[in-house]
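Two complexes are shown next, each including chain A; its partner changes from chain B in the first to chain C in the second.
And now, the complex of A and B:
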């Protein structure tokens, strides 16, 4: 608990709130850009035009594109201060081992991500309602997708915290975040087996909508695969933190 | 000064980003083109458009932001900033050399993309003929249009010690650029946002974006002139800031 409070205090100087606000604004703006077109507006009252499904697919695409970068940025900023200020050593002297420090960072940034996903999902839905979509909203699909999106973000956050802590040069973490962002977008077009083999492919695995022959289809996301992915990442992150505690330097 | 900057970058991992990003772009564009041949018109123009659509919108500008952060990070480490400020050179030389070195990295990234597109189009997809001149011209115009992004991100990374913060600001610029493109905002605005210039230059003559416009002298010249003017302005701004205040 003390470690988490310390991380929150570090966060205040790292301007995490403005970074998150920028990302929420970016995701909402990119997702809702399609709502402005005349062709989209014409179908706002027609269930056959699938306005909510179209908006959700757009949200899935934009989230897959931006979330890997967001996660890389948050992890990089929170961990880089330890490299720059010799925080690993200072914390260890104060009784906080590097592994515990990483877990505290994951817990605090995870809470930030939960709030961020909740706010951006609410904003996208609010924008759809404000734009004039009158087709009834199936809130359950949106809530389930938001929870799954948060879980994938959290898993990638753990991997990025490990990477940022392991490799001093933040170019590596940010570069992988950038390439992951690319993989995230194209995971929606990849064969499902390939998407499941890549960490960023899980943005596609949790998608509740898919392109059909001539319309969008509501599908059941791959919850089983997501559970396996989360378990594997939790085991890897736990082992990595344990190893940090036992490694010198 | 430029040679010194290139020497600093010689063993940097940023060359990996400059090589891997175009490679991934071409792989995903090729897969997308192959999987949607029924829906897409055949040929080099359609293939080039599939390759560059997301690359132009987001990934090229974001990659430049990451590269600029990496190039300036070494100056913010240890006592390197004091050493850099003690170099007997004017602020404009320091800022200009960094911009020139980064522009060279971006040019290499763009040439790798062009080479990969040609090789994949001929050897993997078996497309007839050769990449049309407007594809080559759009790629080369992309280098010119990337210069103000390089200058902007270089100034941001110079002023902000954090690696990730300038990348977030760059991402915001990409969103603004995409918004300008899709909202069809005309006038001078598209020429004032550096990221919008990259998006416009790589979409010219393509088929993936409606209303992209053809690539000819009347569309390319404003992009090139605006890019040159913005780059000079940002270079001057960065130099003025560096000569007047210290970066902490």
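And now, the complex of A and C:
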């Protein structure tokens, strides 16, 4: 708890809130851009036009594109301060090991991501309602997707924290985040087996909608695969933190 | 009482031994100057003392207790340290940095205020650390180390990169801390700096402890050159004496008292006039250079 509070203190002036606000605004705007077209508006009251499913697919696509970058930015900013300020050493001589510091960073940034995903999802749904979609909303699908999106973000956050702690040059993490954005988007078009092999492919694995032959289909996301992915990342992150604790200063 | 003792302290990375069988003894309440050329193993030794690096061999005892993974948290609560470079989150103010240290160590407001006052940084606490000069960063680092009211301060090159005024300021601060009963172990490759503040010296060369003791003991151990005043240095040199010509005679190195007596007898036997024999006054730097094998001290 102490380490987590310290991370909140260190967040000051890192502009985490503005970065998140910009990202939420961008995701909401990009997702909801399709709501403005006349063709879309014509189907707002017609269940066959699938207005909510269309909006959700747009949200999945935009999230897959933006989340890897956001996660990379948050992780690199929060970890870079330790490299720049010799915070690893300062914490070590105060009894806070580097691994514990990384776990605290994951916990605090994870909370930020949870809030961000909740706000972002709510805004997208609110925008749909405000635009005039009158077809009943299946809230369960949206909630389950938001939870899965958060879990994938959290897993990638852990990997980026590990990377940022390992490599002083934060451009490496940012570059990988950018690469992840491309992979995230294209994973929606990849064969499922290939998507499951990539960390960013899980943005596609958790998608609750898919393109059918002539309409969108509501599908069951790959919860089992997501669970395996989360377990693997948790094990890797746990091992990495343990290793950090044993690294000599 | 010794605050720090090590026995056979050794650190090797593969086949490269960077610290070799150190037997340190740091007495309580002194400024212990840990001196050595760059790369001689000072930082590694200090990291081992703080348990940041695991020794390959040997034992460390701090405050009479062994330093190991189990005792480390308790011991570190009483040790302030600054290793290699001063810590400080550049995007935060000095005050915010101290608040982090306060929470990290569970300290009270008074302890933080006192530490800041000792390093005279009160006026700059609301500035961002990225706007601090190097001297201010060093002082902030020392304040962070002092905040826990340590019995022992371990400072690795705390005056690195400072201008002469900054060096003088840190030096006065450390001497005054020792005066208050805090044991200060300070490393440097700057002999002059250590000479002015340390009451006990430990000299490291190529990972080995070459000397440990007071300044006086150091001078006793060294063997200053011998200067023989003679108006006929050529005749003296013709006798095969291992000497070089000097201003008013010849100069010899490595001659102890017995060698000196033998030399004088030899010169007199060969009718070489000897007007005087004296030791050349050595500076501490010369003594140090002799001990470290002239490894390029600044």
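Heads up, the rule we're going with is that the second predicted complex is superposed on the first by the 248 of 249 C-alpha atoms of A that agree within 3 Å, B and C clash if a C-alpha of one lies under 4 Å from a C-alpha of the other, contacts with A are read in each partner's own complex, and residues count from 1 in each chain.
Convention: contacts are C-beta pairs under 8 Å (C-beta built on N, C-alpha and C of every residue); 3 or more make two chains touch, one makes a residue touch a chain.
Small disclaimer: the values here were computed from a predicted structure and weren't measured.
With both structures placed on the common chain, the touch criterion links A:33 to chain B but leaves chain C unconnected. By the touch criterion stated above, A:91 is placed in contact with chain C alone, chain B being left untouched. Chain A is touched at more residues by one of its partners, and among chain B and chain C that partner is B. In the superposition on chain A, A:154 makes contact with neither chain B nor chain C. Contact with chain B, but none with chain C, is seen for A:182 once the two complexes are overlaid on the shared chain. Of the two partner chains placed around the shared chain by superposition, chain C is the only one that A:6 touches, whereas chain B remains out of contact. Taken together, the two structures place residues 14 of chain A in contact with chain B in one case and with chain C in the other.
Within the complex formed with chain C, the residues of chain A that make contact are 2, 5-6, 9-10, 12-14, 81, 84-87, 89-96, 248-249. Those residues of chain C that touch chain A in the shared complex are 47, 50, 52-54, 72-73, 76-77, 79, 81, 83-92, 96, 99-101, 103-106, 129, 144. Residues of chain A that touch chain B in their complex: 14-15, 19, 22-23, 25-26, 29-30, 33, 36, 65-66, 69, 72-74, 76-77, 80, 169-172, 174-175, 178-179, 181-183, 185-186, 189-190. By the touch criterion stated above, chain B contacts chain A in their complex at residues 12-14, 16-17, 20-21, 24-25, 28, 31-32, 35, 54, 58-59, 62-63, 66, 69-70, 73, 162-165, 167-169, 171-172, 175, 178-179, 182-183.
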